[in-house]
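The following pair of complexes shares a single chain, chain A, combined with chain B in the former and chain C in the latter.
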Partner chain A sequence: MSNLFSVILLQATLQAMTPILLASLAGVLCARVGVFNMALEGQMLVGAFFAVVGSYYGGSALAGVAAALVAVLVFTLPLALGTTWLRGDNISICIALNLLASGLTSFLLRIVFGVSGTFSDPAILPIVKLRWLWLRNIPVAGILTWAQTPITFLSWALIGVVWFLLFRTPIGLRLRGVGERPDAAQALGVDVSRYRIVTVLGSSLLLGLAGAQLSLGTVSVFSEDMTAGRGWIALVAVMLARSDPLWAAAACLLFGFTDAIGLRLQSIGLPNQLTDITPYVITLIVIVLNSGRSSIRLRMR
Partner chain B sequence: MAAALEVRGIVKRYGALVANAGVDLVVERGEIHGIMGENGAGKSTLMNILYGVTQPDAGEIRLGGALVRLRSPLDAIRNGLGMVHQAFRLFDSLSVWENIVFGREPVRGWVVDGRTARAAVAELAERFSLSVNVDARVGDLSVGVRQRVEILKALYREARILILDEPTAVLTPREADALADVMRALVADGRSILFVTHKLREVLDVTDRITVMRHGAVSARLETARTSEQEVVRAMVGRAVSLDIQRPDVATGDVVLEVDHLSVKMEHGHSAVSDAGLTVHAGEIVGIAGVAGNGQSELIEAIAGLRRHAGGTIRLRGTEIGGLSVGARRRLGVAYIPEDRATVGTAGRASASENLILGFQRRREFQRWGHLLHERVLGWAQRLIVRYDVRIRDAQTPVDTLSGGNLQKVVVARELEHQAALIIAEQPTRGVDIGAIEFIHRKLLEERARGRAILLVSAELSEILALSDRILVIYEGRIVANLPSREASEERIGSLLAGGSGDAPPVEAGPLRAPSPAPSLSDAKLRDP
Partner chain C sequence: MSFTFPHLRRAHRRLPTALWSILASFVVGGLVLLSTGNNPLTAYRALVSGALSLPNLPDTLNWAMPVVGMTLVAAIPLRAGMLNLGGDGQLVVGGLVAAIVPLHLPFTGFAAIIISMAAAIIAAGLYALLAAWGEISRGIPMLISSLLLNYPAVGVASYLVRFPLRDTTSNLPQSAMIPLDDRLPALVGPLNVGAPVMIAVALAYVWFERRTVGGLELRLSGINARFARYGGIHLARQAYGVMFVSGGIAGLVGSIIVLGSHFRFIDDGLLAPSFGPTGFMAALLAGGQPLGSVAAGLFFAAMQIGGVGMQRDTEVPRVLTMVLQAITILLIALFRRQRTDRE
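The block that comes next holds the complex of A and B.
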């Protein structure tokens, strides 16, 4: 029984981790190129909504994912162009985008589906879960990979892809340089704005995936503000990891675990309001512990 | 054969200000060409034009005889120009080789070819004896090594003409010597160097020819071998300047500042200042000599109130001020000219008039019911701008547009007009031009004659020797000597600075250490005129 309990817990952890992981990888890329992306939450919410729209009207989960990708890409344009060509303030733009995402999806929920709160319908086709029988017999891997969506597998692969991109390719080198000293990068002929625009837009695709996973991955449903702080948690993971994709993934694993354990605790009778705070409490603890070795110190001078 | 660089009739105006008024400049292949001039003489504008940062209003630039238009730094780089700025443009988190190949990375497939890149960088470094560890993180390197990385960056991009903007301002003397060797190696290879500097001795030591600028125009073209310090200075300033200071006798008065057993601890618990004692009398300049990092900054900050002290007393005219805030100390009569004029001394985006009342804004003459009396503030600022000869458009111009020397005059004006009993002057002339140095020195001596007590800290030993009535030497946080200036000589202080005994037993000295073999610190800070 306890064995089963832990297996289910692990599976739940991995499921909960996927959207956070995708968002934090996007956050890592943006942070590396010098755009502090606080709009992850809003981007993911837009992705979740349009995944449901695409799946409902397109008649397939794939259509849902495609709709999510396109929608988030468009939604991210103000951030990509606003922080570069238009020289807007990054933080204001992100706050506006988050507010817009929340209001827009609630509004469209009413306009498109005529409901408020939550929309679920058998016509929303979920993303298939892969059940690979050949992996079934390998002890740990079999259990962990059982019944996960392709997006989850992709998200794991993306940890490596993002790391490779950042630390092995010329693009990654320039991207990091642009984030650290835009003036120096510009002086060496690297187009800072172009790198930022491409990175912010490219990373927005990860949020499209994250949103689709959220609304089509485990349940086929969209409810208002269903991201429930996952984008912010992902941002915390970026900061804890100091924009390192591997550490960010580790932080996401931790947050996925706290999410899963919250659900477990509910099943033994703790009120969900209490268990919902678990990831935030852990986040706070980690931040406080982390700040002890942080390089930022208040000094008199 | 055409000159490496030939500039004709460059004009650049900024509004009413003419930064370059028809500048001509010729730099030959294989030559180190010095560019001298006071702050605001138009050197920076000219260099920015050569590097494509700004576009001239008129004039032409030829490289190896071919007319070029440099629309951006990238254009300049493509045309074989390289520039090493005073403030480095390096990525601290990246390695040396990554910094150098950035934007022009050798690749193998999708991947940056680190092996080829390292080899290319190492080969360049070897060739011009610019020793660097190619795998070190730039953030961990000393200033001197970072500068080598900047030079390598330019060389990797095949720069034939290298612009070095005040390269030695940030270097230790040994690093400066090494740089001079590198420069010679570069010109021996057929490249050319434009060497922008304030330091007379350096320009006379390393250059082949010198172009001197003044008020946006060329005031002299000199062959280094056939010129003299005096000739260069006259061309720069437009008159003969005497930096030999007449220090008239002034009767010293009562003790103004009395510091006893002062100690200052750093964040990590180690002592920056231990058991320091000093007194400054009215009408006296007391100079603190020390190699940077020996506790003089911390000592001054403790007296000014910017840093908490761990023990000891600080008395101003008999009143203990050690526990008071900066504001309270200032009201009691402490004026402070800080080392860092741009971040501590002034508020960059605020206007000159705002900066000139900073700290006195609550005085009755400047405010009523908590709002500033604009007319009075402006009037006050305009008087100071005239009296201190600050070259600024008007009193409402933000001070971050000012050159170093003019900004320093703003700080000096405000602090001296404070009428404080004690003036703390920390590196008051660092990085300012000769004219401003002379001016600030004269002002400090005037204040001394008025019976103010002045505590002077300087890394320039010549400045300490010229101005001080008494000289304290600080070494590893302890005051190891206290000499009347007539007993002080460069040699003796130089030895003390390095932890030596100064030949004669120092007065009031703390425990002395065995003479350490710290190399040539005595000539360390004596390079300036």
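The block that comes next holds the complex of A and C.
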């Protein structure tokens, strides 16, 4: 049991946490402007696929990240414009986007790379892992920061950035106003639609990063539906945190930990069909334990 | 009733949006095909002939059973303004139960089939009730809990058929064969008794939605839940009932596939064909309206069978049909006029 909870486990936790954390920060931003973004899963999946495309054809991990950012931005346009100008139904749009992401990436996987299921190739260049020797000798920090990707470090910084943006800047004040009282914000001269569009599109960049981290951060591979519910877990983190970036990060730390525990249990011989469901079971338990306080509408309308 | 329901009067006006969304999705899909170096006209011709040519018709109908079933799973809650995103998990629970029960009954035959199917329906219905319980008594949104509940169901089923319940006579991850007498009788070709059962369920939903007080309450809460509550509809009781029926139908679909086609529980065998997502999209296309949902389910099933033919004839991957369906749903979500509380 002692080696079940080792420093390595913490390192694995931080690795597993990065995509969920980025997605939940994006979810926090969207929720703050009043857009309930359920499409995190699909956005991340599109990012993961195009990161592999960019890395494979562009010849560098940076090209992969750039491709992921652009692809997710374009993919998010229907959500950004649909919930504002077109006044479409937010939930239906998100469900459609998730299914579109799943179908489109499977289709393109077959068309572009000629394979189904999983695509891996030495030509997919992974994101470089930072190994800082000067940190190496500091007891815990050295191991925690060892061999993490720049995206992981960026995601930690973004917790603070999002918090600062939301609670310490005039833009953040307006953002929150748009979410809490859109009519009042409009009356005060804040362009509600514009704030929503910019926030949803801006947050989509975080999902591009999350996808790139997923497919290029640990192993350079894309497999169908590889996000495997991470977007939904990130959404749960947003709900549990009531759209507070710091609490969302804490929830993501917990979910990253359950992911790492699952992998650890697998390595000591438990069948992976059971260890794979650890994050979802723990997530469900956490929601039930934390429930009864959230105020979420009972029906769609 | 002296007052009319505006959404009923508008129902006919909703059809064109659905139709042109389908057309537009084919145009967008055609552009995707062009940009990937395929001829869209050849691909679509293969798609249509694959779906409708006479020799393929039994296949299309056999494929339609689970798709229409999973459409109803999504449509009934949708009609009441709820979302059941856990159809896949409920399908697996039903299929698993239907594969286990016949192996442990002391008798075979008609009674064994009925008991297995009833057990599958009840188990899947109860699994769906978990999500309803979470929302009603703990305030957990059902659209998230129902979705998250898919993963444990699928994972545990996969574990069970790989280890404790595995058929030791084969190397595949599947449970033992169900005795011959416990299988659903075949009708024509691949069609079995499951198809008329599903037609009966669909007709029952059409009748319930149109002709009963419960159906009226279902529609009312879908249009305006607050008004429905004010009018004396017990929303919590309704949600429990709707989710049990919805999950139960998913369990029924699972049991029909297991008892009528696979004769055992095959790992991933129920989920690989994407009956759940396809049915969900069909229900969204019709807004949960019964006849429209069934029609949309049949249409999407035909598209998928056509996709198999298209993949064989033109090497365009059949998952294109899923892309077309998702684009259709997206366009509907973007452009269909919203029903709001004010109307």
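In this section, the second predicted complex is superposed on the first by the 286 of 301 C-alpha atoms of A that agree within 3 Å, B and C clash if a C-alpha of one lies under 4 Å from a C-alpha of the other, contacts with A are read in each partner's own complex, and residues count from 1 in each chain.
Keep in mind that, in the parts below, a residue touches a chain if its C-beta (ideal position, glycine included) is under 8 Å from a C-beta of that chain, and two chains touch if they have at least 3 such contacts.
Computed from a prediction, not measured in an experiment: that's the story for all the values here.
Trainee: Comparing chain C with chain B, which touches more residues belonging to chain A?
Mentor: So, of the two partners, C touches more residues of chain A.
Trainee: Contacts for A:277 in the overlay, against chain B (first) and chain C (second): which applies, first, second, both or neither?
Mentor: After superposing on A, A:277 lies in contact with chain C but is clear of chain B.
Trainee: For A:173, is the partner it touches chain B (first), chain C (second), both, or none of the two (neither)?
Mentor: After superposing on A, A:173 lies in contact with chain B but is clear of chain C.
Trainee: For A:185, using the defined touch cut-off, is the partner it touches chain B, chain C, both, or neither? Pick first, second, both or neither.
Mentor: Only chain B is touched by A:185; chain C is not.
Trainee: Which chain A residues are contacted by chain C in one complex and by chain B in the other?
Mentor: On chain A, the overlap between the chain B and chain C contacts is residues 299-301.
Trainee: With touch defined as at the start, can you tell me which chain A residues reach chain C in the complex?
Mentor: Contacts found on chain A: 38, 78, 82, 86-89, 91-93, 95-97, 99-100, 102-104, 106-107, 110-112, 116, 229, 232-233, 235-236, 239, 271, 273-274, 276-277, 280-281, 283-284, 287-288, 291-296, 298-301.
Trainee: Within their complex, state which residues of chain B touch chain A.
Mentor: Touching chain A: residues 73-74, 77, 89-94, 98, 102-105, 107, 110-112, 153, 267, 301, 306-308, 344 of chain B.
Trainee: Show which residues of chain A lie in contact with chain B when the two form their complex.
Mentor: So the residues of chain A in touch with chain B come to 168-170, 173-174, 176-177, 180-181, 183-185, 187-190, 297, 299-301.
Trainee: With touch defined as at the start, can you tell me which chain C residues reach chain A in the complex?
Mentor: By the definition above, chain C touches chain A via 32, 36, 80-83, 85, 134-135, 138-141, 143-145, 147-149, 151-152, 155-156, 158-159, 162-163, 221-225, 235, 239, 277, 280-281, 284, 317, 319-320, 322-323, 325-327, 329-330, 332-336, 338-341.
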